[in-house]
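One chain, subunit A, links the two complexes that follow: it is found with subunit B in the first and with subunit C in the second.
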Partner chain A sequence: MFLEVKQLSKSFQKDLIVDRLSLSLDQHRTLSILGRSGCGKTTLLKLIAGLETADQGSIWVNGEEMSGKTPAERKIVYLYQEDLLFPHLTVRGNIGFGLKLQKVAPSQIAEQVDLMIERLELQGQGDKMPQQLSGGQRQRVSFGRAIITNPRLLLLDEPFGSLDVGTRQRMQELFKELAAIYGITSLFVTHDLKEAILMGDDIGLMKKGSLQIYSDKQDFLLDPQTGVRSEIEFWESLLKPNY
Partner chain B sequence: MKSKPTFGLLFFFLLGLLPFVAALIYALLYSLGIVGILSEGASISYWRQVFQSGELIGSFLYSALLAGIGVALSVSLALLVSMGLRTSLQHRFWSLLIYFPLAIPGMVASFLSIQLLSKAGFFSRISMKMGWIDSLQQFPDWINDSYGIGIILTFVLIVSPFFVILFSNVYQNERVSELSTLAYSLGARSNQVFWKVTLPILFSKTKRIMILYFIFLLGSYEIPLVLGQESPQMLSVLIIRELKQFDLKLIPEGYVIAVAYTVVIAVSALLVFRRREVQVHE
Partner chain C sequence: MSNIKRLALFFLGLGILFPFAYLAFLSFSGAWFFPEVLPGYFGLKNWKEILSTESDMGFSFFSSLGISLLVATLGTGTGFIWSKSIAYHAQKESWLVLAYFPYMLSPVVLAACLNFFFLKSGLSGTWQGVVLGQYLVAFPYSVIFFQAFWNHRTRQFEQLVLTLGGSSNQAFVQVLLPLAKGMILVCFFQTFLISWFEYGLTALIGVGKVQTLTVKVFLYIKEANFYYGAIACCLLVWPPVILLYLNKRFVYNRLV
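On to the complex of A and B.
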């Protein structure tokens, strides 16, 4: 397994946020994690990224233990819920930020950034500042900035939560395209049922700090806890003639 | 609903711009010998005299140097304090302590500096008690000295608290903490986060205020009056000295310096602040 999380726990003061959580994920696959606000999704991602320290348990990436490693050493990128861009850098500067940190040659940075701008469908926007972009454009830049560094693992924390329906759908398609092109391994956290089903190769449900991973999507659809069945019943009731 | 902005503009013109322009025109006419008690008719001789003496250029460079060093030291100290004591500054006691020096007038700060920094002052006596110097006379000249050390230190005393508050607010408002976490996640080390994220964001959001403070210190009067030396003098002190001299025939020279100073600052400010804000496309 490429990613293995074993018996991970984290408390803040007396609140147990992540409770002996275990998961595993193969390379080049995306695991969707569905969960309500406050269920511990963000904390789980931050623990894996090294932005929080676990109370117990271990995280392994490609056979390498991550505890004690700084976020930079882990080569795991955590993508925020919001389109958080560096306000002092242009679109080009934002996308190339990680490559600059890796001391990649400027000519190569320019080449890779141009290619990424094209893939993100942001042609002609490269020299704009973040405040000149729309929400969807900012989120695309944020994506490109994370993916261009070729992270071992990408952690997406409700990345489309603030977007309108149309933009959200386009971003979901774009992410799937980019994930295929760059061979991304990722954890995709969302509270949106449809998004969780659409985005993940594998799917899990997080509740009160614990994670249940389903062997296939059919199991997920049939489990009453996921809310899929009640959702289907709701839409079916609308189609009934006596409604 | 155009009446409000129009009224505001009129108000600004009448109370803000008109008196300033009128004063500038009066000073220009005085400097050209057109108005004034002993006016002898239009002439550029006063301008020629001022520029030939070199005192204006010397005073301008001296003022710019002291104001520049004052702002640079204040900004550096404020960065150290605001970043180093980020959590502590949220406590009421520390924030009050930082606000306190902002309430000290320039004249009071100058006399405070004399009490602290002069040869007979607090630090001199402490140094002697500690055995670092044998007599008070050995304490370095920091008041009315040729390097303007007393002036610079007093500038730092009154300016740096403002920048501490400013940097702390910008740090919070621009979400530098989250951006730093993001940079760590993208592979940055601590020093890279500071130089490539924290510092550029703080500077890009406050550079205009730094320039305004530079202009403010360039024209400061009380502190260089009390703590400065005879020559060179900072601009405002020089202007007042020229305007109040015995020989009434030489008063236009004071106006020459005032007009030249105002024009240089106004043009520089226009050049610095002319860049328009970028538009947001949502």
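On to the complex of A and C.
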């Protein structure tokens, strides 16, 4: 397995946020994790990224133990719900930021940034400042900035949470395209049922710090805890003639 | 805009500008005795005298400028760095209460409390002592000022840089400093003013040997030399006015 999380726990004061959680994920696949606010999804991602320290348990990426490694050494990029574009840099500057940190030659940065701008369908926007972009464009730049650094693992924390329905749908498609092109391995956290089903190759449900991973999507659909059944019943009730 | 509003604005503007204009007028005046409405002399005599015979006025001006620039640079720089540690510290509230301490006491009382240590360390009556004394007031101001910068969003920016492969230093130089640029300039301006207009603490620690422009103004007023006092006031007032203009023109307008 490419990513393995074993018996991971984390408490803040007396609150147990992540409770002996284990998961595994193959390379170039996306695991979507469905969970309500406060179930520990963000803490789990931050533990994997190295932004929080686990109380116990271990994280392995490609056979390498991550505890003791700094976030920069892990090569795991964490994407927030907000796009967090650097307001003092242009679109080009934002996308190439990670490469600049890695001291890649400027000519190479320019080449890779141009290619990424094309793939993100942002042609002609390269010299704009973040505040001149729409919400969807900003989120695309944020994706490009993360993917261009070729991370081993991408952690997405409800990245489309602030977008409208249409933009959200387009971004979901774009992410799947980019994931296929760049062979991305990712954890995709969301509280949106439909998004969880659409985005993940594998799917899990997180509740009170524990994660249940389903062997296939059929299992997920049939489990009453996921809310899929009640969602279907709701839409069916709308179609009934006596409604 | 109605005529009444225009008139009200005119008088408001006049009220603000009058003290500056009057100071300038007074600095060019001489032999102005009660009950004369206008001075007996109006010209450059006072300014010429001060620039030729009272050459320490120029020295006071440049001493004040040097001390204020140093205090503002040190206060803003170290305040910015320390404010981060305090903002993310578990005992943040206690540290901030300490930062308010010089203002609760008032700077001059703080100076009186610390005077013994300044005397013992040989810093009393030196410009280094005055810089240190004023720094003890400017630094906490800067720490309090930057608390607003170290918020949840700033922390997310910093963490993002780390996961993109950057070090803490790279995050500081390439992201945090550019993000804080506007606030740093405003803080520099404010701490410069704190130092520039500081009198009580400077007089106490400088013991008359460090004669900043503010000390000079009070000296002339005590001597009842209004004309020289007005010149010192002009020199005291105009640098902050220029800084205020630059701040408004290049910093504030970009922040809003």
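Note that in this section the second predicted complex is superposed on the first by the 243 of 243 C-alpha atoms of A that agree within 3 Å, B and C clash if a C-alpha of one lies under 4 Å from a C-alpha of the other, contacts with A are read in each partner's own complex, and residues count from 1 in each chain.
Convention: a residue touches a chain if its C-beta (ideal position, glycine included) is under 8 Å from a C-beta of that chain, and two chains touch if they have at least 3 such contacts.
This is a predicted model, so every value here is computed, not measured.
S.K.: After the subunit A overlay, clash or fit between subunit B and subunit C?
M.R.: clash
S.K.: Name the contact category of A:Thr70: first (subunit B only), second (subunit C only), both, or neither.
M.R.: Both subunit B and subunit C are touched by A:Thr70.
S.K.: Once chain A of both complexes is superposed, is A:Thr53 in touch with subunit B (first), subunit C (second), both, or neither?
M.R.: The answer is neither, since A:Thr53 touches no partner chain.
S.K.: Touch check for A:Gln132: first (subunit B), second (subunit C), both, or neither?
M.R.: A:Gln132 contacts subunit B only, not subunit C.
S.K.: State which residues of subunit A lie in both footprints, the one left by subunit B and the one left by subunit C.
M.R.: 49, 51, 70-72, 75-78, 80, 84, 86-88, 97-98, 100-102, 145-146, 149
S.K.: What part of subunit A is in contact with subunit B in the complex they form?
M.R.: 49, 51, 70-72, 75-78, 80, 84, 86-88, 97-98, 100-102, 129, 131-135, 145-146, 149
S.K.: Please name which positions on subunit C make contact with subunit A in the complex.
M.R.: 153, 156-157, 159-167, 170, 174-175, 178-179, 181
S.K.: Which residues of subunit B touch subunit A once you look at their complex with the stated criterion?
M.R.: Where subunit B meets subunit A, its residues are 174-175, 178-179, 181-189, 192, 196-197, 200-201, 204-205, 278-282.
S.K.: Considering only the defined contacts, which subunit A positions touch subunit C in the complex?
M.R.: 49-51, 70-72, 74-78, 80, 82, 84, 86-88, 97-98, 100-102, 145-146, 149
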